[in-house]
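Taking it in order: structure first as structure tokens, then the write-up.
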Amino acid sequence: MAHVHFSAGLRSSFTGGVADLVVEATTVRALIRALDERFPGIGEKLSSGTSVAIDGEIIPDADLEALAPHAEVHFLETLGGG
Amino acid sequence: MSRIQVSCTVNGDPVDFLCDADGSLLNSLRDELGLTGVKEGCGTGDCGACSILLDGELNCSCLIFAPEAEGTTITTVEGLANGDHLTPLQQCFLEGAALQCGICTPGVLVAATSLLNHNPNPTETEIRYALAGNLCRCTGYDKIVRAVREAAAQIRETSA
Amino acid sequence: MGTLSRLARRLADLVGAHRAALQPAVCGPGIAKLGATPLDGLPSVGLARLRGTHLKYFAPSTVEEAVGLLAQPNTKVFAGATDVIPQIRAGRPEPDALVDLKKIDRLIAVQCTDAKWIIGAATPTARLTANAEFSAEFPGLAEAAGLIGSDQVQSRSSLGGNLCNASPAADSVPAMIVNGARVVIATANGGTRSVAVQDVPTGPGRTSLAPGEFVVEIEVDRAPARTADAYLRMIPRTEMDIAVVGVGVRVTLDESGKVTDALVALGAVAPTVVRVPAAEAALIGSTLDDAALAVAAAAASAACNPIDDKRGTIAYRTHVAGVLTRRAAVIAGQRAAEKNGASR
Amino acid sequence: MTIAEDPATTAPGYKWVGTRMIRPDGFEKVTGRARFGADLKLNGMLYGHVLRSPHAHANIVSIDTSEAEKMAGVRAVITRADFPAPSGPAGDQDLQRNAMAREKVLYEGHVVAAVAAQTRGQAKAAAEAIKVVYEVLPHVMTVDEAMAPSAALLHPNLMTKGIDPAPTGPSNVASRALYQGGDLDLGFAESDVVVEGTFTTKPVHHGYIEPHAAVADTTPNGRTTLWCSSQGHFTMRAMSAKVLGWEPSRLKVIPAEIGGGFGGKTTIYLEPLAVRLSQKAGRPVKMVMSRDEVFRATGPASGTKIVAKMGFKNDGTMVAAELWMAYEAGAFAGSPAGAGSMTALAPYTVANFLIEGFDVVVNKPKVAAYRAPGAPMSSFAVESLIDEAATKIGMDPIEIRLKNAVTEGCQATYGPKFPRIGFVETLEAIKNHPNYQIPLGPNQGRGVASGFWFNAGLNSSATVHVNEDGNVIVVTGSPDIGGSRASMALMAAEEFGIDAARIQPVVGDTESVGYNDQTGGSRTTLATGAAVIEACRKILADLRGRAAKQWDVPLDKVEWVDGQAQHVDGTQPPLSLEDLAKGWNRTGGPLTASAALNARGVGSAFSTQVVDLEIDPDTGHVTVLRYLTAQDAGRAIHPSYVEGQLQGGVVQGLGWALNEEYIFDRNGKMENASFLDYRIPVASDMPMIDTIVVEVPNPGHPYGVRGVGEVGIVPPLAAVANAVEHAVGRRLRDLPLSPVRILDAILNKDC
């Protein structure tokens, strides 16, 4: 059970305003798949051009990351660094 | 196309090189003599990375036509240390972490050497103005100024 | 005007002070006289080495030799070269020959007679400012000369180069002008002529020098008693910038501290350096009191005819010209008072 | 008080971590021996020169290279015809189009062709002899111009992402980032004090002193060696391969020493050109940019326009914030508008907020990452408004920040909750420093600002070898820009328990060590350091096993203490690292281990800074009287180089605040592409930078490292603006705060 939080951008473009959701998923990939079923199109957006924060840690290329029970998941803009 | 032969003394060695009339001394030092410690940051005399001592005077080697070096005595960063024996400035730069990327370091060391040759006990302000022609983008100058001050103190102590 | 001057005319921008050190003093058509002789006991680059090179480099050891070389078309003289090299890098058309004036003894010299100082046109400003007597007599001119570029550039920059580059922002020019400096020019026919410094630049990158001419010396009459100068410039940083505004002031005081003579010259506020007679008039007869300074500052601002460019705006330059005029006048006055007749 | 002034002390519990060893690459760098990008010379080497667009925006009608190809010394000429048509994801296509213009040029300086010849002069002359026919198009230079309804379009198919409903036609807006929380109307309704304004910043350049340089040598079988100065040679390999249409493995990239990067050397410019020229000429080719090219053609940081409004209660509580931000991307999408949106309010808890960040293409060089990309600009707006609010409320600027500061467990405005962080500690450090109490004179002002940056983890590898003499080689693939070899050596020394001088850290090429992401994102000491630590621990486990073997005891009887294997019962004489290394052939072969990881446990960085300025009221000239920075480093592995990062970031930020800007003429050409007129701070402009290294260890790293490289550049913009406000009584919202701007504000005070 991952607790997913959507940024305002995702809320306005994909989730119809839904801000938080509890999803049954043990990996980020499974989570994204589940979300895409519910909010068609969001899967592509989440698979490219976003980083994922799991329990506060920002992880790029996170699709195979495992999700602990009650993991807090945020989808974020990808970042560069200097 | 024939080129101009120039004879001069570089870091204590008599050397000859060929150059074009409009070639810069910087290019000759780097390309002909292999002294790549002399860096090019701008080619217009604004950054000081190519600083050398020409007949003892601080100069940007990018602003000197190579033929002008005829008969001169040149010191580059490669000529500061005596073998493995670093100068106090070099040693203080290492100990004081006065370099980060190190690209400006050769020019800064040459300029600081010139400063201490002329003024063995410079104030912070004098150090800062003396090095104003040497851009450093990494350090914010703090540790460079400290290292020069420390080296000056060491040199004064040694020569006292 | 020769090729060099045509090049120079393209310098529509306010080219910088340290750039200014190196612009050719002149150029022109004529006959080449090849060969150079040893200078300071050092061998100079000889003819044999040069033959066949596309671009030629000459280091004459006498004025006469240099005049001969300059008679050749598309020949460029240089002193410090800190401007010429960046220009070549930037792709400006190259001359056919470069003539280095620094091997001519007369051009690298600082002399003082009872009547005047004679400064070789190519004398490094570092050497000039290191002359304690000169710096004491003309602190403003010495400071202005010392502001040209970094310490690195100071080893090469010169009053002659700074002047002949004809940058409106050249630091030493306002300071030379308020000291009544003249230049001795070597002419193409082998003679010399003398002209006031303010008559040399005619616009950005342009000078009144004829083809084949170059500046040999700068002459400055010894400063009268109770006379001192000051030069101030405004730059955004503390070093390495071109003056946004530069102001030279010289005042002479009587024994009571009243100004008996004053000269004010502004740089970087017009195509050439501007003398400000109205500011001078306001100072003369005053004790450099606030009222007189205010009138002088306003007059300086009124005399400005600047441009908006990447370094400053018309409004900024106009305002700051007044500010610096006031400050430079105060400094010059203090210095003159301190000298108290001791300058000779 | 600066730590640099203190006698060196180790961090508690450590022997080497926290000490100030002389950097292992230092001798080479103070004697001129270190080889940077432009220092390599190969036999038969040709010189390359790039022909660049003189126009800000134009169609390329034709390119005729026939005359250039016939010129003396010319060995190869390349144009768009020598590269595969752009393909792949949009970002890859942009990379390809930026490396070599295709249908059109999108900024002055865009690559149109390149030549390799025997001399530099020949290459330049031939490049100038290439005939290009352009059809000049209207250009857009600012976000306002680019976002205007009738704006000329850079890309005919650019559709804005992140808006709903999706746009029906193209524009110059590549994307919108949106972050929102609470109820903005309610927040402003609750506010006692509302402050607002429009802020602008100009593009600024990293200003690394070393221009870009690359040398490529392609052999007839297609294998290519590329030497270049970059922040990450593995990335150079990947990006160059994309442009060349090659598999990355055809390229071996050897890192030169790098003369400064700050984010600007995280992408390719010359590299694929040098390779293709070398391939075509059959000779090695060297390419070095002039400073002019660096300014005109490599990434600056975005210019921005930010409209901001914030609301506070009378007790200083921040209750509402609204930010509309547009970031110039340059010619291709990819400004850090998203990061700017995420960092803008990150240091604070605010219940009601709305942040919109737009990525806008304009006819300028494509922006590159620059030290905390995107953060300084949004922070400039937010920290300026916080200062205004503090003034209105009558609250100390540190106190208002303390009132709203995030702490462990707080939810960031960009989403996740913070782990243990040290923001409050930086505020307290400034508040308690004597500098903060120094009385100010007339025309002087004091400005405070704080900043946040995420820091990055990403991917790192390391290989560690123990030589037969017991000395240790540590190979990583992270270019060392500011002393990271020293920090690798210290961490390895700590692990092994041996003198750091016995560790030789090496930056390996793309074939000598596993993949490493770039030295950027403040990640190297954290992430590559973690790989080094892991590899060291693998060897230590191996060494314990070998000692157990020699002693014929179970492994759990062996522990590693102070650089030697010890029997827990003391029944055997210890075996030192040298002893074990000497006998490796009898105990299992060479001592080597590698580690590769996705770094985790990244710790965020916060900085608080205070500047004291004096302003000449008659000229607007600013003198920086003193500067104090406090930054949470987590753990300073090499305190001197940590201080150096903090100080360097501050001074770059001061340049941004005071004098640095790209100036373009009406045709979109840069007017100040030199260090003469692009005015980075010189030594005499600066005071000493008083530095407080706050250490709140990052729980995610073995030694508590956070990463220190970037956040230092975030606060200076607003700190300076705030100080100027307090000195002259005018709030300035447009950077840079040059003398012209400041004097104008002083003289028009009553307008």
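Each chain carries a letter (A, B, C and D) given by its place in the written order, and its residues are counted from 1.
The working rule: a contact is a pair of C-beta atoms (placed from the backbone, for glycine too) under 8 Å apart; a residue touches a chain by one contact, two chains touch by 3 or more.
Everything quoted here is computed from the prediction, not taken from an experiment.
Top-ranked chain pair, ordered by C-beta pairs in contact, is B-D. Taking the mean of C-alpha positions as each chain's centre, the chain lying farthest from the centre of chain D is C. Relative to the whole-protein C-alpha centroid, the nearest chain centroid is that of D. A separation of 29 Å divides the Cα centre of chain B from that of chain D. Put simply, the C-alpha centre of chain A and that of chain B have 55 angstrom between them. The set of chain C residues that touch two or more partner chains comprises 89, 238-240.
Contacts with at least two other chains are made by residues 206, 261-262, 290, 675-676, 681-682, 684 of chain D. Touching pairs of chains, sorted by label, consist of A-D, B-C, B-D, C-D. Taken in their complex, chain B has these residues touching chain D: 20, 30-31, 34-44, 46-47, 49, 76-78, 80-81, 86, 90, 93-97, 99-106, 109, 124-125, 127-129, 131-146.
Within the complex formed with chain D, the residues of chain A that make contact are 5, 7-9, 11-13, 48-49, 53, 55-61, 72, 74-82.
Contact residues of chain D toward chain B in the complex are 4, 20, 22-23, 25-27, 29-36, 38-39, 41, 121, 206-211, 257-262, 288, 290-291, 481-483, 638, 640-641, 643-645, 647-652, 674-676, 680-684, 686, 688-689, 691. Listing the residues of chain D that touch chain A in their complex gives 89, 161-164, 176-181, 206, 261-264, 266, 336, 338-339, 341-342, 354, 369-373, 414-419, 454-458, 518, 520-523, 598, 600-602, 700, 709-710.
Note for the complex: chain D touches chain C at residues 124, 128, 290, 292, 618-621, 658-659, 663, 671-672, 675-677, 679, 681-682, 684-685, 738-740, 743-744, 747.
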